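Below you'll find the structures, each written out as structure tokens.
In the two complexes that follow, subunit A is the common piece, with subunit B as its partner first and subunit C second.
And then the complex of A and B:
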């Protein structure tokens, strides 16, 4: 790549791709120039990742051609793409925790002498790269000692190590806190200013509007919009993604919880040193209770303690007027369920089928009393009807491995898994993370229906709009304590956020209590 | 990570050293012949063959694979050498033939695993049986007595160091250098940590995986050479269960069976010395030979237990506190 003509960047013409003769990408044209950031939006399954994988060399297109700086670009592997200056940061972290930062950065081409790695030189070069992404760390640090945010920055540094001119970012900010995201976006902006071309996949529409120069929208494998950011609104983008005007993302919620409704979950003075302190709450039948807080407020840890996955030293949990204790299995038998925060890590069995995943918790209900033999017919019928009630996409087969499903369908399968067990209280930790707009709406509806049947839902989320949209009542956690309580009628963004920072600001608890 | 935890971690990281030290102290107290230069030399000589095989095994284990065929490879290499030696072939030819058999076995495993995608356990289990069968057919299930040149190898010295020890040390050093100081070594560790991520990072995973099985095959044949120099005969049971000895030694040395963590030094080398010291100590104490496997097995358990402590400590340390009261 000697004669690099500026202002051309990466050009895609009539590129398409099909898997098993099912078209995933229809022939599309796209162009990205150096110095620009292109936001790529679309629902899950719209073909964004396929397009990125084609650009990054992991997949080869069926038709069409790509040109990089005017020359034909036909990478056969990610290795070749990287050599040609196309770098990719994947959604999931792809670093090696057993190696150091500098080893990760120079994994493919470490500086060597007689075959031996020149560590000093490598660490010096790594230090420069780390400085570029704003990390003040020793390059000889093991990656296992870094936070998720730091690891994401190291991934970005790895792209810089290859001197990539085209940078592909596949939802790199999902695992980052708000502060880290802001820093990350600042960096991306600077990389663009250094005349790199950047394509950024995201679900965060506001971020895209704030940071990108252009926005492209994919729907069902076709490009339905490719416009400068200033020419389009958030509302318009969502419409393009869904293909029809959105009436409302959040289903209507009339707060119907009666004050005299039975308390089905009660938590008294729950504490665990360094994790949570003095948590008290009551959840009534029919109620959707939200828990808001900043990253690291202890919400997920609280959920894990409720479910019995982690220990607590003091306090009592009551479910249906009975003390809840013992293993997660016993708690689920007593009527508690937990939809975990990280679907891919501890929410699904990725290699197992829809049927196996859905029947995982409630399998006891479908087996003989002696010997535990499964009643296949009974199970099949139950799965069929549950599929319908969670609105799982109808063309999916029951025997399909869960990892092949989109995020939304995976999440619906998880909900079905718990609903089959007929719980009284379901804890949902970030129930709509990484799923598309249409699926979000359906998940909200499922949560409401669940509560309306006389059950209680405890929804944990970092998305305040989501909680304001679907909850009857909201608790705010800050550094392991509950620092605020708001009824639907008194929802107030500013006061909720103040409560979320309460422990950080060392404000007195009393002043924040409603 | 506070200082106490870091210290505990460092101790657990080096637990194989600690175990070796404890075993040596105990045996020295129990038997006054144990801690002598002659005996320690003997231990090293006897541990050399296993160590060399275990170095190759360590590479394989680090990629989260396993090679069950190294014992059979040793047998085939020895059988071919025996046949040639009996037919009056010069020693150099026998040596080259042995290494060639190791290379061939490694290439076959590499092909099955990295090109055909057969999982290592099954692929190498298959080559174990094929290798054993082939060796038995070659030797017609009879023991072959080797000429004096092979036994002479065992007593040969290089700068005053017995050849087996010199070979064991140099292979360990080179192995450790390759593992920690070359690109290939870093790729091996990366693949063991996360194969899919390694693929995406542009590491030629198939070639690296092929490489570790070739290394394991060649080192198995070298291990066979050292064994022959000590035994002098190729019996039909030659090399039997050596794959388990090699795996055990690597695991005692701190190499994880799930890949990505471990090494040769302290790893396999210390592990082999540990096992050999225990066996030699038991001989001196006139222990019932039937007890050997029981005691060796308990050491493996202790090593794995310590590794478990280490993992749970890592997990605990990685959990972030929400607040400090």
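And then the complex of A and C:
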């Protein structure tokens, strides 16, 4: 036993944790050596974040011990953990957008003289750190001017500023585009080669297989796998994560949309300067139409314009042969719905119950015409049957605050909220972001069932596999324009990606000519 | 908390339990409750109405000016008292509507919008009356102020209406949704602007209604009515647990907060403390309530 104990790196032995006597982490052993990247997988609620928070000093374990470079490691705070060389990059961006890069990097310990910050010295030091993470930016730039990917790199630089030997990454690539992700992973690889130990939480199984040396899988708070990456397959990992074999992530889709099916949504020459240009599309009854594009392609902005959340200068939207205009309220009454990409910001009411969340859109259907009195019985029955059809976990109570639900159940509640209003067209922006594999499958099924009832679904996603798996037809957007259309029978990954880059290429060619 | 205060202070304060004093507490608490209900609605929507006491003064001045025997338009008319009871809430509602338009449609921060309207309203009220009280109100109107139980009943009816409004109508649902996450409400087709504006409208209406009671109790229309009341109103709502950050609040909580403030006020007065000491004590209590609110908010965010 002791012979295997590494002199360096981080070792966890019999560490467990319970909240309110509910065990979230069963005693587990794990060790990570310098120079290695460990991928940590698991469904939402499997205990990944708890484990990370214990390692990062935010939580203290109930039992067990941890050793860092052979010495006992018992951090009482994230500050102490950082001092001992354990740094953490969180899933959400944690930078102050109103401060500059260097101010963020040296927020805790700025170089000072007589209590005054030595700005020049700070900027020089920041520049060095930025170079390490491959960012060629002025350290005096405000963080608010950076893209999500750049901000994530600054976060990483902050960890390096503490000279961390153990780096914990909690889904750092969720908000990054493919290109940014690739760059980020390269960087991580280099950090590992500089003999740092890295633990990387992710939902992206392919990324983990491509970049990690070892993979550990948590399920219901227990470690169910800890193996070298080469010894395991994607299928095997998914199986380990959900505890049963999966035949297929994407439900079978027999494209049943007929060419003569009625057009229920038509967009004519929709434009808004700097955002979208000349968008034309038709969505037919029964169709699942995907929109693919890179970050900044204008997909979410397009969705917001359709819903009436943002304005557009020209173009017309037709829903059921009627022009769609006015407030989001009028549009939802006409039969449009939008599941937004940022669930936590504009999708849920975190403090409100499942019932209140689900009834928010369609409440007009359950009240008296005058006075708006709610019929409690009618509403209760409708909620009951809706939660069944969206397959909300049965042990959840209708009065539970939404923030206590897992991402998947939150998303199903949001779907239920719109289905209750019986829309003709539902726009779904990143409908499976941050939810676990099993819930994803169910969300896909719900989208298909919705379309099969003669409605139209417009699915926006950055996950090309997802769109290829569930859509009947696919549009590609690039810098605000539609640059490609593919039928299910002609889906071709390479051509789709080329279309996604189309406007970028044109711009750079144009620049070269000049 | 209210009960604890009552029990503890009953022990140390002679005369608290006397019938006369309890009626006294009631006649302070009832109009305060009406104003606080309005403030609560605004705070649930995520805003604050600082002009609520200036609205009281303005409604009081307008109403009394109309019916005063010292040259009011309706002086001597047999239905003068009724007219005042009608006009005061209307004036209040109009002011509330103005606030609502500023906040909801002109997108001004509630703090600034209502702070300026407070200054403006007190200014007008004092300018129009030359800072003098308007006396000589008809007997039939003053009579209203001498019926503490009727006033309490009115306050409770309004409280019940507010409770029903919040819990059992779609407008209540919309108000909570707006206060909690304006973005979610907007995406979900809630008429956000109308609801927000409506909250200020109702707050003004409530203040106007309370102005009837205050004016009748004081037997004068006063341009400085309620100048010291703003702290009590916001304090009562916050002590009751309505969140300063919006989205949370209940009528029963506010009722508790109002009783607490009214009792505290009464006890401190019976202890023969100076006016300033009373203010200090109340300030500390409200500080604690606000502290509790921000702690709760922080925990829930984590």
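Operating definition for what follows: the second predicted complex is superposed on the first by the 499 of 514 C-alpha atoms of A that agree within 3 Å, B and C clash if a C-alpha of one lies under 4 Å from a C-alpha of the other, contacts with A are read in each partner's own complex, and residues count from 1 in each chain.
Everything below uses one rule, namely that contacts are C-beta pairs under 8 Å (C-beta built on N, C-alpha and C of every residue); 3 or more make two chains touch, one makes a residue touch a chain.
Since the structure is predicted, the reported quantities are computational estimates derived from the model, not experimental observations.
Taken together in the superposed arrangement on subunit A, subunit B and subunit C clash. Once the two complexes are laid over each other on the shared chain, residue contacts for A:453 go to neither subunit B nor subunit C.
Of the two partner chains placed by the overlay, only subunit C lies in contact with A:307; subunit B stays clear of it. In the superposed pair of complexes, A:77 makes contact with subunit B only, with no contact to subunit C.
Legend: residue contacts after superposition of the two complexes on their common chain; A:14 is shown touching neither subunit B nor subunit C.
In the superposition on chain A, contact of A:189 is made with neither subunit B nor subunit C. In the superposed pair of complexes, A:361 makes contact with subunit C only, with no contact to subunit B. By the touch criterion defined above, A:298 reaches subunit B but does not reach subunit C. Among the options 75-83, 93-101, 111-119 or 255-263, the segment of subunit B that ends up inside subunit C in the superposed model is 111-119. Overlaid on A, the two complexes show subunit B and subunit C touching no common residue of subunit A. Across the complex, subunit A is touched by residues 1, 177, 181-183, 186-187, 189-190, 192-194, 197-204, 260-261, 314, 318, 320-325 of subunit B. Of all residues in subunit A, those touching subunit C in their complex are 307, 309, 327-329, 331-333, 338, 340, 345-352, 356, 359-361, 363-364, 367, 371-374, 376, 403, 417, 421.
Listing the residues of subunit A that touch subunit B in their complex gives 58, 77-79, 82, 88, 90, 94-99, 103, 107-110, 112, 115-117, 119, 144-145, 158, 273-277, 296-298, 301, 479-481, 503.
Interface residues of subunit C, counted against subunit A in their complex, comprise 168-171, 173-174, 176-177, 180-181, 183-191, 247-248, 300.
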